[in-house]
Every structure is written in structure tokens, then in C-alpha cells.
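Before I ask anything, let me first share the structure, which is written out below as C-alpha cells.
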Amino acid sequence: MDQTSLSKLDPVMSIEELNRFIEREFPQVNAGSPPGQPTYSILAIGDGSASMRLEADERHLRPGGTVSGPTLFALADITAYVAILAHIGPVALAVTTNLNINFLRRPASGRIDALCRILKLGKRLAVVEISMMSTADGEMVAHATATYSIPPRTAPPHAVL
Amino acid sequence: MDQTSLSKLDPVMSIEELNRFIEREFPQVNAGSPPGQPTYSILAIGDGSASMRLEADERHLRPGGTVSGPTLFALADITAYVAILAHIGPVALAVTTNLNINFLRRPASGRIDALCRILKLGKRLAVVEISMMSTADGEMVAHATATYSIPPRTAPPHAVL
Amino acid sequence: MDQTSLSKLDPVMSIEELNRFIEREFPQVNAGSPPGQPTYSILAIGDGSASMRLEADERHLRPGGTVSGPTLFALADITAYVAILAHIGPVALAVTTNLNINFLRRPASGRIDALCRILKLGKRLAVVEISMMSTADGEMVAHATATYSIPPRTAPPHAVL
Amino acid sequence: MDQTSLSKLDPVMSIEELNRFIEREFPQVNAGSPPGQPTYSILAIGDGSASMRLEADERHLRPGGTVSGPTLFALADITAYVAILAHIGPVALAVTTNLNINFLRRPASGRIDALCRILKLGKRLAVVEISMMSTADGEMVAHATATYSIPPRTAPPHAVL
């Protein structure tokens, strides 16, 4: 079987463990954030899901206060990465192979919440969908689906990536 | 505003009206179906959504009993078309401009249910997502997102397309 | 290295070998074709590429003579499958994991040529793009990109799939 | 006809005019670039095409020197925007509605060239594909297709957007 039944998708990492892993391995995610206000923060980890919040500042905005496309792409990609990591643990490095994003509406503000749902978590591939909502009015501003390649899990469980 | 708030997405056509419209305008959808068992049938219409059932027969199966990719593509496309039609009425002809489909698992049987959710219904574009589940075990077998172009609604409301 | 340099992409199967493989393993591809006129036929195999012709008949047409979306999807999928098979040989069974298709124009006729170009041929994934042109006027009618999962090549080279 | 024949796709803006337009309307594109070395620069404008160069610096790199996904997304999006603008002129504001990107290989260096080809330039929608190549070895590192919505061209031809 090249997949895990979605009904059995229990997370194996806590928010605190994920935060520590990301700070150590991907410090650039929140590089340049205003002091005390990380650009990307984990809101919740659930069975087969993860949600994150983007606090956009001037670096992420287009004229008129619209959050830029690359910023929404990054939000989708990071939320998906966190969701997968939360369910396979820090022993493997997932790589984005495909991301398809639909831009639906101009966000009403710079605070966007992303909810990622794992559609498939196989041995080699994970497929996810991500909904992005403006917190100002709850409207969906963008939607993405993405595929991640998962390397063979031959590393010892305490390997440091 | 180039969009309808999703909280206001009320269907304007019933299942019966949609069935009559499709039989008249797209008889090929169920052409070749076994007598009394349409290949594609509408299960439900909801606020911003529609669901359909595929009863695959030998024409749609690959060796081993797997439903073929083009058949799942057609299921996604038809369900999306019905969902949009149900909410804009039979006065306009939506055209598929983009469809992105992820194949997740081999279906356990030939009966697949599709649920389409409208993500955006604008004046010119509609964006939807479609989940396809095998009825045998409830597992998602494929997931798609699609964009439809909606022509200018200048036709009189009782025009026959 | 999880990839083959594209400059070294030499085909390992001829058109005749591919035709025999498809007739034996996928007879449904041309099932129902008019006598002596296969719906799908291979035009050419090149370094990192393959091209096929679709001869659409009434089964594939929408009112007005337009080739249906599922038919164009199938053309893209089959051409990609043939291109990959031509370069990895008949020892492995590639499976479509993602296909993204853009519909550009209504085809002027029912004869469509598809050209598939391999963008990446890795150990585990192949990524391709497919251009589909109406032979009547040479205009591109649809364009697709697709990803295929390639199973571990542990089978003996003369295995029959 | 909702499209321009691709054989007639002549650019209507020069590189200099495009550079001035982008500096005035999208100064954030090259904000933060090292002095005298813009991150994104236009290489060429052709019939139905445009090419741009990315000079990635530390802001765009992941550990190991890999150009980040959001940076490649931005490169694809900007190149597509420039290609469309070059062919419809500065009178209309195209908006990205969909972008699908496949990541193929880790780039060998931080200099990436993108070539955008317009597949369709209609009244309401433009569809493009973008190939991204590492200049170090000429290998394709990513490939994208994208759709842009073009607003009604009712503005006077000398309108300033």
C-alpha cells in the first residue's frame, strides 16, 4: 500500500516541536519579521491538517494594500510543509514538486489564515489542498493544491536534517 | 464587485430542471448508458455546491477494474458544470478554461461520488473544487480544481441555449 | 542524481514496439475506432519527445463539432504515457498523478495533433508538457502539463507488464 | 472572436518602455536589489514572448544555495506579466488568476533565465507558459503555466495606470 488511510492521520509533532524545527532549519521563514511579530506562525495542528497565520507587512504588500502573489504562494507552501512534517516527523525532507494556485479575491487586509488539509500521505508523495482566508471578512482569497516528494525514510529516527 | 459573496450563493435551479436542461442540451453525457442506469446522475444541489454520482461500466474501466483518468476528468467537469449552472441559471454557457486534477488512489469500485464546491462565482470567471470519493470505502480517489469562463449575461432570461 | 540529463534522452522503443505494447496492454485505447482508422496513432518518437494524432469521430464531439474536454484530456494523457514509455522501456508502469490542462480555442476540426516534450525524467517522477494543435489551421487548441509516478525499476528487463 | 491569432502577436512596447512602466508602477519588484544589479531584468521581447533574468541574492536562497520556491514563482509571474503587457500595452492591468508551477531540479546557481511564451491572448484571458533555466548548466529548473484576467479595455489609450 502506497498510502496511509486518512482516517488514521494522527500528528506526531506538537506546535512547539514544529516551531523549534523551523527556527533551526528554516530561519529565513521569519527573517525580517518585525520584533515580536513573526510573519508566519502556526495556529493549530489537527488530524491530517495544519493552519497558519500570515501577518503581512510592507514587504508583502502591493500598492493598494493587496498581499502579493509570491507571499500567498509562500503561505500555501509553508503551511503544506508544516502539515506534512507534523504527520511524518522531522526525519524526512519533503520537497515541493508541484503547486497550483487560484487567486480568487483581493484580500481585505494583510492578515491571512491558511488551512491545509492532507488529501494523500503516501510513501513517496503527499498531496494537499490549502484554503487561504482574509481574517477581516472571512472570505477565501486564494486556494492551492500541491504535491510533495517524500524521500525514502531510511534515515535513523534521530537524524538531524 | 466582480464576485458574489459565497454566503449568498443560493441555487436557482432544481435537480429536475437541471436534468431536463442536460438531457436537452448535452444528450451525449449519458449516451451509451445501460437502460435505466444513467452513467452520471445528480445527487444533490446545495448552497454553492452540487454532487453527482458516476456508475462506471466496462467503457470506463481499465484492466483491474480501475476507473480511467478521462472518466474521472469527465466526472469532475460535469459536476462543476452542473454546480455553476445551478447557481447562474440556464441563460449562460460556461466554458472550461482550466482543469487541474490530482489522482490519489485506485478506486475500490466503479461507483464514484463527486462533490463540487464553488470557491468563486464572479461575473466573468467561476472557480470550483471537486472531491471524488469511492462509495465502496469512502476514500478520496481524486481531487480537482477548475476555472470556467462565463460569457456576458446579456441574453434575455428565457433564452434557450 | 534523481534525473537524467535531458540532452541524453534517447528513445529505447520504436513506434512499432510501442504500438504492439499498447495493443496488448491497453486495447481500450482504440476500442470502438472505425475500421482501419485508429482514434489514436503515434506519429513520431524523438529525443525526449513523442507526437500522436487524434482522429475524433462522433463519440468525441460536442454539438457544433467541438472535440470534448475528456477527449483532449485523454489525448494529452496517452501522448505523455507513450513519450515516457518510449524512453524508459516497457519494464515499468507509469501512473498519472497530476494533469493540468488549459483549453485555449475551439478546435476547427476533429483531427488534433499532440506533441509531448519530457521536461524531467527522474527515477521516481516524470514531468512533461503537451501542446495540442488543430491540423486544420495549426492553432494550439489546448496545452497540458502532467506528472507521472514511476515505480521502482526492480523488475527484470524482460518482465511482461 | 475572443482571441488574437498567435501568428499576429507583435509587441507594442519596447524594453525601455516596459522598464519605465515597471519602475513607476511596481517599484517593489526590484526593491532591495544590490546597487546597480537589479534582481529582475528584461532580456528580450519577441513576437508573443518575453524573457527575463533573475539575479538571486541571499534573500532568495535556501540553505545549500537553492533558489526558493516563492522566488521562482515571482520570476514566472513577473515574466508573464511583462510578456502580456508588451503585447497589449500599458492601458490595461492584467491580474493573475491561476499559476501552476512544476519544480524540476535544484538550480546549480542563483542566476535563472525565464522565457515566457504566450499561448493565447484573448479579450478577457491570456494563457502563457514559462520555462526557467539555470544559466550555469542550461538545465530547466522549473516550468509554469498561468492565466491572467484582462479587464475590459475601455480606458483611453493614453490612460496612466
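Residue numbering begins at 1 within each chain, and the chains themselves are lettered A, B, C and D in the order written.
In the analysis below, a contact is a pair of C-beta atoms (placed from the backbone, for glycine too) under 8 Å apart; a residue touches a chain by one contact, two chains touch by 3 or more.
Quick caveat, the model's predicted, so the values are computed rather than measured.
Relative to chain B, the chain whose mean Cα position lies farthest away is D. Copies chain A and chain B of the same sequence differ by a rotation of 180 degrees once their CA atoms are superposed, given in steps of 5.
Rounded to whole angstrom units, the spacing between the C-alpha centres of chain A and chain B is 29.
Distance between chain B and chain C, defined via averaged C-alpha coordinates, is recorded as 26 Å.
As a whole-number value, the distance joining the C-alpha centres of chain B and chain D reads 34 Å.
Shared interface positions of chain D, defined as residues touching 2 or more other chains, are 97-98, 100, 102, 127, 147.
Those residues of chain B that touch chain C in the complex are listed here as 25-26, 28, 62-63, 68-71, 73-74, 77, 95-103.
Only residues 3, 5-6, 100, 102, 104-105, 119-120, 127, 129, 139-140, 143, 145, 147 of chain D touch chain C when the two sit together in their complex. Interface residues of chain B facing chain D in the complex, by the touch rule stated above, are 97-98, 100, 124-125, 127, 147, 149.
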